[in-house]
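Take a look at these structures.
Each of the next two complexes has subunit A plus one more chain, namely subunit B in the first and subunit C in the second.
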Partner chain A sequence: MLDRVFQQIKAGAHIEEEAVYEVCLRAQELLVTEANIGVVDTPVIICGDLHGQLHDLWTLFENNGDVSDNRYLFLGDFVDRGFYSLESFLLLLLCKLRYPDRVTLLRGNHESRQITRVYGFYDEVLRKYGNSSVWRACCEVFDYLALGAVVDGRIFCVHGGLSPEICELDRARAIDRKQEVPHEGAMCDLLWSDPEQVRGWAVSPRGAGYLFGRSQVSAFLHTNGLDQVARAHQLVMEGYREMFGGRLVTVWSAPNYCYRCGNVAAVMRVPEAGEAEYRVFESAGGPAGGLPVRGGRDYFL
Partner chain B sequence: MIIETNQEEKELETENNDRMVTKMTPRRVKVYILQDNEWKDTGTGHCVGTIIDNVPYMLVNNEVDTNTTLLRSKIGGNIEYQRQEETLIVWKDNQNNDIALSFEESVGCDDICNFLIHIQKTLENNISLVAVRSDHDPLNGSGTGATTAVHEMIAGPVQLPSMDQTQDDIILLESLKILNDNTMFEFLKNETIHWYFNSSYLSNILIPQFNLSEQNHLIKNLFLLSNIIKTLILYNQKEIIDQFIQDEETFSSIIGILEYDTEFPDSKATHRSYLAHSNNPALSLSPTCSSTSSSEPSIYKEIIPLENEHLKIYIKKYFKLQFLKDIVLVRFIDDHNYCLINEMSLDLQAQIIDLLQTDAYLDKIFELYRTPVIENDEDFKLKKKYGIRLLHQFIEMTKNLNSVEKNDFFKFLIQKGFYKIIDYAFNIEKDNNLRILATDSLITIMEHDIFLLSNINVADEISNTNTNSIPDMTLLKLLSNILLNDKSPGLKEQIVQALYTLLQPSNSSITGNNFDYEEEDMHTNGNNEFHGNNQQFVSNPNSIHDEEDIIEYLQLFYKEIAPILFDPLINYKVHSSNGESSNRIEDEQLLIHLIKLITFIITEHDKRLSRNFTLENSILVNISRTINCNENHILQLRLTSIRCFKTIICLDDDYYNRYIISNNLFSPIMGLLVENIGLNNLANSTMQDFFKIILINCKQLDNIEREREATVDGYEDLSKTSLNDNEKRFIHKSNFILLNKYMFENFSNIFEKIDDMPYLTELANYK
Partner chain C sequence: MNGNSKYEDRSNENKQDGKNTPSTTTSVFKSPASITNPGVLRGLRTIQINSAREIHARTVAARHPAMNRRPITTTSLKGDSVNDTHISSTTTTETINISTTTTIPKPRHICNNPNNPLCAHCGATIIPSPQATLPLADNPSVTIDDWVVSTMKKPILKTQEFEDWENNKLKGLSLPEMIFGNSYVRIKNTKYNWSLEFNTLDALSRVNLKDSGIRVSYSNKWIKSKQAKKTQLPDDLVSTSYDNQSLKIVNHYDWTYTTDYKGTETPTNQLQRDDAVKLPIDKLSRHDPIIFFDDMILFEDELADNGISVFNIKIRVMNERLLILARFFLRVDDVLLRIRDTRVYVEFNENKVIREYKEYEGNYNETIAKSKSTLQYSRDPKAALRDNEWVVRNIPLVNRESEILILQ
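Up next, the complex of A and B:
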């Protein structure tokens, strides 16, 4: 079954509702066994926001090697904005199901009911299936996604950033993450915060999470014996950007974001030993004629 | 091509100018000339614009000696005048002198600028006037004080595309470039739009050129035309989009042109043929059913003839707009276009919904469901199927309308016989997709106002009995049965959603829990991703319902429906013993849904009603059992059950608390804890959160107690006789202390093995 869905995604074909439910249920079953903050070994390829740009995800895999031979960590925001949120998310779930130890999926702020209702995923599902059940099934899986990971005991990976409630990383274990992303609190901060040149914790213009500065990053890394924070969440035109003397890096993996931002994308390759290397890539475009029209949308007079 | 004003107009304008010149008040001004890179003050005088022998000048007479002229500058050539801020005009004249006029008042500057605008429009088309304002850019750096100059053209020559009847790729490329350049300034843009409609550029040039180019396979031209249309879309003008969708022919040409895309030069989209042939053969109408005339694309399905022409035009326009937005332009449009198209859609939606209520069309649709199905009449069956989709489509259209508009339309639908369609969908129709759509329609109306549905007497509709005062349970019963018996997981998801809505009768009026997503805000308020964009609480003026009504409604629910709906939890044992593996996933998912529903009714309903029901039917005992590891439930289900108990703890309810302790309901939870000691997984996290909840409440309690000790030091008797608020809360909160004691008395052998749960360690202080 999984192989068939994989082939369907590859061919750009419609995926039956029943198959989506099955993938979602199996993904739940797997994700429920994982930690809030998992442990990931090197070498690993760390990837930022994808936002439903399926074609660019394929490029990402082509450039960096098959999941069967490489370890991948995705920092969240798989859905919304692009036109293939569903396929992108399912593809990642299939990879995860096939190679549970080689793929780590973290939750992004867009992996949420409230946000996907507004930024495209919900509408995409309605367009493709005519009803929202598939969307609901995916949202259930969102709730099970991990919140962060530590690579090789050195790099803390998270979608957004730090939280004033989590000084010791171990405290994140006490979050029952199986819920919609809350409006405040540790879980919200991890998915929503941004680094900025500020002192202390500052109000985020996004309306959720915090802005945190260099000293927060230093203190956090020191307390937890880590070297670096790797996160996504913000568009960087050059694909990746280091801040605070390299103690924090933003990785962005959606080239030509929204099909018009003109940015390049990058992944962060962390080897077993030595410096991380960033590999930049450009957009693969997409198929002609916009969305493949599916399920036969008719208009009734 | 430059705008040409004809001679007659010119003369008329000149007269006007002369009049204007004579009217002009001389304005006090300082004249500066740039010499050796320095602005040199050449004196102060009064400035007017004037025309002498059809040649315009700027004239400044010395204020001291009015006979001497400080400045006499000919206006012409392609001089660019810059108005800087409010009072300065700067230009380089045709002799390369840099001149600046600094006005005493901004009105003076306004006057001269107006004069220049007139001159540009009449005598000297090639001069231009540009306003330059320094703009402090708040987005640019924090506190660096970065300022940027913003240029805005006020008047100037406007280049426009060629209107030649024969055009090659060079001309088209030039036109594309011009149209693109003209988006730079509001002035150029407005002039271009004005010209676009006056010249009928679309019908006179673009469409004929497209047809010609397609016939002759002039691929370069086709790509250029496509880019021209895209550029026109970027002008983001309602009138232009409206023109594109005004009739079928224009629309067909537009989407035809857009089939060619320079981004994908090797492939061509097939919008026209998609519109002409519905791509899903299973849905195509039989010939007798379709009454659409042959000239119209068959994507429109007409179940029965729609006679109201206005309505027909609006609906088709709406579809064309959606087709543009969702398919043709989906990769192309930006946020501004999106906003505009949404705005236009909303207008059309409102008009359509309005017209539907004054037309007999829906009556005819509903009539279909009053006639029983004749066994072999496939055509008639198909019409009924389509009716469900048609209704869903119109209900979808109301999603962005305001609540009064929605209310009117939904009431209208219900009066006309909405329930007939629902009844047909659930009881006769076999196609799951259609049943899901019907549920979706139902949910939309329920989410708007549940009482619209529960107050219409369904039984009355069906069997003509008159028992209007009793709340109707038919719908709840129907949905409960579908949830328990239907196999489609998609339908189940929808049904559960409907049940949540139905079981929170107060939601639309009292708790305001029912939020709607306002799409427009997301674009105007884009920098606040989280709050600014989405949820707007919709308070519904039509649904303020009596507390008593709600209680009555819920009482009936617990009496008649809840025992059916929650049967798998009430008779839990029976279910788990004959658990066939083939149905296992379905059974587990159903239990998860039901446990979540229980959690929901425990928190949302009148406490007495839901508590009596759950306790009398041993539901908590059975939920506790599901956590037990030898029941072999999936972890998701077991954790759902633990979350149910977390919710109950938070209620701080004496009855539940005693019940939990006396029935030892936490025992299975501690069993799950043992399974996960030392592991870093979701089960472990859920348990830590469980302890955290108890700890936080015990801590609060402790703080209150300390406060009390501090205030009533030595006056214990007195404090016992008169309880202050804090103390009341103290006694109230003691549920948490009791619970904690119970845990440590019964499970301390387990807790002793745990050293990596900081909250549990802290809890030991309160045992």
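Up next, the complex of A and C:
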């Protein structure tokens, strides 16, 4: 069954509802056994936001090697924005089901019911199936995704950033993660917070959400005996961006984001020994080589 | 499930599953031909999606100059009113008919960029091809009498440019996520040396660096929960991770990126305020052939998924006039909706320019109540709030200004 769904994704064919449910159910059964903060060995390929850009996910796999003989860690935000959220998410689940110890999937802030309602995934499912059951099934899986991972005992991987409630990583291990992403608390911070040139912890001018600076990153790494934070969540033109003297890196894996930003994407390859390497890749071009100009030429007034 | 097969082993895919696999073995997903191959289609909805893809592929192809030179629509040659479906449905069947060329008025405009997709007189409307928004810059331009219209589309700012804007040019502002900082729309009268340009830097420089007073819907709840946590935590934790600043907003700026930008005029203050001046809606409503069209975003931010803030600009040039619509659209989920529209109209023969600026603002909950009663959106009322055309018709107008300039 899994192979058939895989072939359908590859062929751009319709995937039956029942098959989606089956994949989601199996994925839940597998993910429920995982810890909040996974332990991942090297070598590993760390990937940032994907946002439903299936063509670019294929490129990513092509450039970096088969899942069968490489270890991958995805930092979340698999869905929304792109035209193929469902297919992208299913593809990752299939990889996870086939090679559970080679694929780590972390939850991003877009792996949430509220967010997907607004930013495309819900609409995509409605368009493809005429009802939202498939979206519901996927959201159930979102609730079981891990919140973070530690690579080789030295790199803390998370979608957004740090939380003032999590000085020691053990506190993250105690979170009850099997729920919709809450609007407050440590789980929310891990998926939402952003690094900034600020002193201490600061609240975003939006009135919610943390900004954290260099000293927070240093303190967190020191307390937990780690070297670096690898996160995603923010678009970077060059695909990756190091901050705070390299102690934090943002990885972005959706080239030409939203099919119009013109950015390149990157993955971070962490070898068994030695320095991590960033491998940059460009857009596969998206559906049929481009995106329709919205509505095309129109007699707007 | 076949336990031996490898997911990434493409050479085996035909053997594994003949039913659903098209004949090509590599990069199956990228090929439009295989996507539209009826053999791989399943179910009615798939067909709908695929027909959408086909329309899209046709649209892209129709804009490609090389493919358009021979097949051409006779309707557009005659200068009749044309619409999108017309172009795409007839492109492949009609060929140039010499006799119809006699009915074309002599082209009034000059295509300034040899890479312009061909215009109505040469084959198609000038719409920059979508591929051109990728790393390559796209810079179509057209001249009508003394008026030169040009647009530039480039990718988002590089980190280096971004940091320069953040640390120098727009110091104090945490920049929006997507900044198309090298894109612009410019109209210029070469005889009177007057120009009006819409660019990203000037648009963002009008964002307020004070507290906007607007908070996301769950801000109170969030702050309260943090204060509660703070009192619950053991003292050592409070002292190490929460200092006195930790629940304060340190950098104040208008995080909604609201801007009253109306374009950059050179020389300044030529347009004279006269609120009695109105746009000639009758003339602008006519479906005169469009000889130049563009649609671009100058900046966009998703407000950390609390809504959207986007500055979009559209331009269409007809034989006798042009219209620009620059729209700032803001939606803060569960809080408010805001639109700022600037329209610029130029009548070429009269060298007349009218600029109209309108501000709209509405409460989120009141607006969504309206969308629930709109048939089109009754099933998904939030979709209406993503449709800025629907929003502008359904939130109150709070301010209107207009200006006029006659170059003589």
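Operating definition for what follows: the second predicted complex is superposed on the first by the 284 of 301 C-alpha atoms of A that agree within 3 Å, B and C clash if a C-alpha of one lies under 4 Å from a C-alpha of the other, contacts with A are read in each partner's own complex, and residues count from 1 in each chain.
Throughout what follows, contacts are C-beta pairs under 8 Å (C-beta built on N, C-alpha and C of every residue); 3 or more make two chains touch, one makes a residue touch a chain.
What you see is a predicted model; the values in this text were computed from it and never measured.
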item	value
Comparing the two partners subunit B and subunit C, which touches a greater set of residues in subunit A	C
Which of subunit B and subunit C A:29 touches, first, second, both or neither	first
Contacts of A:208 with subunit B and subunit C, given as first, second, both or neither	both
Contacts of A:127 with subunit B and subunit C, given as first, second, both or neither	both
Partner chain in contact with A:144 - subunit B first, subunit C second, else both or neither	first
First (subunit B), second (subunit C), both or neither touched by A:260	both
First, second, both or neither for A:273, with subunit B first and subunit C second	neither
Which superposed partner A:18 touches (first subunit B, second subunit C, both, neither)	first
Those residues of subunit A which subunit B touches in one complex and subunit C touches in the other	109, 115, 117-119, 127, 130, 183, 192, 205-208, 260, 285, 287-291, 293, 296, 298-301
Subunit C to subunit A touching residues, read off their complex	1-2, 5-9, 13, 16-17, 20-22, 27-30, 32, 34-35, 40-43, 45-46, 49, 53, 55-57, 59-60, 84, 125, 127, 129-131, 133-135, 154-159, 162, 174, 177-178, 211-212, 215-216, 218-223, 225-226, 229, 233, 237, 240-243, 245-253, 255, 281, 284-285, 287, 290, 293, 295, 297, 302-306, 314, 316, 323, 325, 333, 380, 382-383, 386
Residue ranges of subunit A touching subunit B (in the complex, touch as defined)	17-18, 21, 25, 28-29, 31-39, 83, 109, 114-115, 117-119, 127, 130-134, 136-137, 144, 170-171, 173-178, 183, 192, 197, 205-208, 259-260, 285-291, 293, 295-296, 298-301
Touching residues (chain side subunit A, partner subunit C) in the complex	1-4, 6-14, 16, 54-55, 58, 61, 65-68, 94-95, 98, 109-110, 115, 117-119, 123, 126-130, 164-165, 167, 183-185, 192, 196, 198-209, 211, 216, 219, 234-238, 241, 256-258, 260-263, 282-285, 287-294, 296-301
Subunit B to subunit A touching residues, read off their complex	142, 259, 261, 263-264, 267-271, 274, 278-280, 282-283, 292, 299-303, 306, 312, 315-316, 319, 326-332, 334, 386, 389-390, 393, 433, 436-437, 440, 489-491, 493-494, 497, 517, 519, 522, 527-535, 585, 589, 634-636, 639, 643, 646, 680-686, 688-692, 756-759
